[in-house]
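One chain, subunit A, links the two complexes that follow: it is found with subunit B in the first and with subunit C in the second.
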Partner chain A sequence: MNWVALLVGVAAGMAVAFGRVYAERLVARYFGLVPPLLFKHRDVVVPFLVLATAANVYAIWITVAYGGIAAWRLSALIGLALTAAAQLVQLHIALRPTNRDLQLALISCTPYVYLFALYVAALATGRYSLWLF
Partner chain B sequence: MWREQAARTLLLFLPTLVFIIALTAPGGDYAFRAGPLAEVAVGQLPYYVYVSNKTLHLYSSPYAPWPYPKAIEVKLFYPTTVLVSSTCGAVAASSVGGAPGSYPVDVVVPPGFQGDCWVNFTHPSGWRDAVLLRVKLVDWYPGATERAVVTLNGSGWQFVQVGQDGTMYIWERPMAQVPVAGCVFVYNKSVLLTETQRYREVAPNIIPPAVAPSSSGSVRYGAFIKLDGVSQLYIYKADCPTTPRLNVSGPPPLRAEIGVTLPTPTGPVFDVPVVNNSVIYTTGLRVINYTEAVARIYRLYVYTYSTPVGLWGAVLRYDFALTTLLTVKISLFRPGGELQRVGDVWIYRVGNATYWIYGPQPYRLCEPPCGMPAGWQEPLYVVVDPTGQWGGWPKIVAVRREFLQPWRS
Partner chain C sequence: MNFAEVVLLSAAGGVIAALAPLIYLFYYTRPVTFTVWTGAVAAFIGGFIFTLLALQWGLFYARFTYILALALLLVSIAYTYWGMFRRRWFAYLFAAAAWIYIILLAVVARALGLGDPFII
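Let's turn to the complex of A and B:
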């Protein structure tokens, strides 16, 4: 476990989550309501943003530090691209709160599922490398 | 409603998968890098092996397996095992590994092998690597880096010994210095059966040293060769080959006239030694009977030994007291018959047996009486040949030192 990558990720995630909270208040003031009434999933989405950003940072560290990028493995490049896209989606969730947050957040979980699938496949085939293709 | 509930739960679960990967990956930091599973490199090799890019130019020997300990090194980056096999049976281990790290692999080239031999390293994941052994058969004892080549000229069975200081003894008589003292003798394309026997000085600071077999002291390695004309004996510094103990009967008694006549007030007396102390040493090839005897004016240190080749031998060493007495007969060793001088040795012929003696004159009658010998006498080396086939001590024609060189460079 790389604690530096974890702490950096958690700090970045908290920044993103504060952005989300600030955006929610702006929107709620515009409609003259309190945020919990307008965004009923905010109790999950705010901690998700912290967790997901930390996971993104850690996934990038895994992709780079375990040699996938240096070896130009396609599986590693796909993982990196998916992670970057997920981060953009999560920034969008944070800065433009809508009532479709839950669906967007689920879609942005694709890189984690992808990396875990690679991991399970690597363990099952005894390949000892996450970058199977 | 339950779909929303499931989505809310998944949102907090899915990102943690990344941390699950990091926490449960086997081997910790070693897991999931894109590098190779393992690397195969050349390990520690003696100087006579030429190495080029995972090809080792090795030697094999006709005499014994040639070991190259830690010749190959496998660096393993994952917690797994790598299978090892070779096309010539040069590697005993079938797999190396377990935890990540560096693993040496011992190579033992079987005797008489010549040609190319692959040592293959494989893994079920498809990773593979190999080291090529190019082996050349050479007339050399495995493991030794140098040898002494002694050219001898003689006939019949000879008992050769080499001391740790490099002195070469033939039938216990020091004959030459050889540059390599070792336990492996190769003669006529065979490794000889060898014995090891310790010798120690019975009295200090005698020139030449008065040595006798002992259970402590410096080691001499011995072997028997059957000479026929000029031939070469190779001596390697290596561990003794395992030798079965031969069945050798004990040495025959030294039946000879030994002593000096001593003038006494009651008339001349023949001063005969009385055995004081006798020890029997059994080596791999011989049985040695070491005896200390005392007489009135001398001490006699003698050892006799039997051999598996029919001959037997003895070494006699006299230590006379300082006296001013006169004597008429000095008989250091006289088994009977007439004493003859042939070259630098003395010969008695008794029946079929021939006694070969190297050393001071073994039998002398003094008329008029002569002085008694005094102090330590030169040793008498006796070889008894019951068959009449033995041709005497061989001549050492040349002594050479050779080093093993890489066969390709």
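Let's turn to the complex of A and C:
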């Protein structure tokens, strides 16, 4: 448990969520509407951005701190690349609000599924490392 | 916990304290004025100092002035939120009470030549 990574991640996630509501306000003002009329799933997307960015920061800390990168394990490199890609997609969700927000949010969950699959596989095979290949 | 970690955690605490009411106000499309942005700056400073002091818990948890400083900082952040939600700038005068208290502690400790500001 790393409280520094967790709190810094939550702060970064709140910054991303603030960018999202700010962008929503700008777009809604441009069309002369209120944001709830224009963006149906903002109640899901705003908390998702906080949690997902915190999860990304924590996942990067896990990947770097437990030797996956230092040992050049392919599984760790894939995890890092997936996390970076997910962060980019989530920044796109935050700063360019569209009606495909939920699909993009679902796609951006791939690194969490991947890391959880690695965790389950490591438990099942009795390995001490998360970086199986 | 080294200096960089302390500063990172304090900055995270300040950002969280400042952005929580801002996200709320933007989400529910409440008016955002100069008073609100001023409150965000005040909440950042309050959250930063609160986290900075809270990280020294192991050193000072038995001191009355330390506990009072933490409690006053929480009250200060609450007053700042009140000023942000109702857009009343004078709420920040109440919020400044905690800062004045901490500055007074520091001045007294400096005058007495003590090692830390929490004198009792």
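Basically, the second predicted complex is superposed on the first by the 133 of 133 C-alpha atoms of A that agree within 3 Å, B and C clash if a C-alpha of one lies under 4 Å from a C-alpha of the other, contacts with A are read in each partner's own complex, and residues count from 1 in each chain.
The rule we apply is simple: contacts are C-beta pairs under 8 Å (C-beta built on N, C-alpha and C of every residue); 3 or more make two chains touch, one makes a residue touch a chain.
Computed from a prediction, not measured in an experiment: that's the story for all the values here.
*Asks:* Could you tell me if A:L33 is touching subunit B, subunit C, both of them or neither one (first, second, both, neither)?
*Replies:* In the superposition, A:L33 touches no partner, neither subunit B nor subunit C.
*Asks:* Once the shared chain is lined up, is A:V21 touching subunit B (first), subunit C (second), both, or neither of them?
*Replies:* In the superposition, A:V21 touches subunit C alone.
*Asks:* Just checking: does A:L88 make contact with subunit B only, subunit C only, both, or neither of them? Give me first, second, both or neither.
*Replies:* So A:L88 meets neither subunit B nor subunit C here.
*Asks:* For A:W3, is the partner it touches subunit B (first), subunit C (second), both, or none of the two (neither)?
*Replies:* The answer is second: A:W3 touches subunit C but not subunit B.
*Asks:* Now for A:A122: first (subunit B), second (subunit C), both, or neither, which partner does it touch?
*Replies:* It touches subunit B, and subunit C stays clear.
*Asks:* Looking at the overlay, what does A:F48 touch: subunit B (first), subunit C (second), both, or neither?
*Replies:* So A:F48 only meets subunit B here.
*Asks:* Quick one: is A:A59 in contact with subunit B, with subunit C, with both, or with neither? Answer first, second, both or neither.
*Replies:* Touch partner of A:A59: subunit B, not subunit C.
*Asks:* Touching A:Y112 in the superposition: subunit B (first), subunit C (second), both, neither?
*Replies:* In the superposition, A:Y112 touches subunit B alone.
*Asks:* Need the overlap of the two footprints on subunit A, from subunit B and from subunit C, as residue ranges.
*Replies:* none
*Asks:* What residues on subunit B touch subunit A, complex-wise?
*Replies:* By the definition above, subunit B touches subunit A via 4, 7-8, 10-12, 14-23, 25-26, 31-35, 37, 78, 80, 124-125.
*Asks:* Give every residue of subunit A touching subunit B within the complex, in rising order.
*Replies:* Residues 1-2, 6, 41, 44-45, 47-48, 51-52, 54-55, 58-59, 62, 66-68, 70-71, 73, 76, 102-103, 105-106, 109, 112-113, 115-116, 119, 122-123, 125-131.
*Asks:* Considering the complex alone, what residue numbers of subunit C touch subunit A?
*Replies:* Within the complex, subunit C touches subunit A at residues 5, 8-9, 11-13, 15-16, 19-20, 22-23, 26-27, 29.
*Asks:* Provide the residue numbers of subunit A that touch subunit C in the complex, in ascending order.
*Replies:* Touching subunit C from subunit A are residues 3-4, 7-8, 10-11, 14-15, 17-18, 21-22, 24-25, 28, 34-36, 42, 46.
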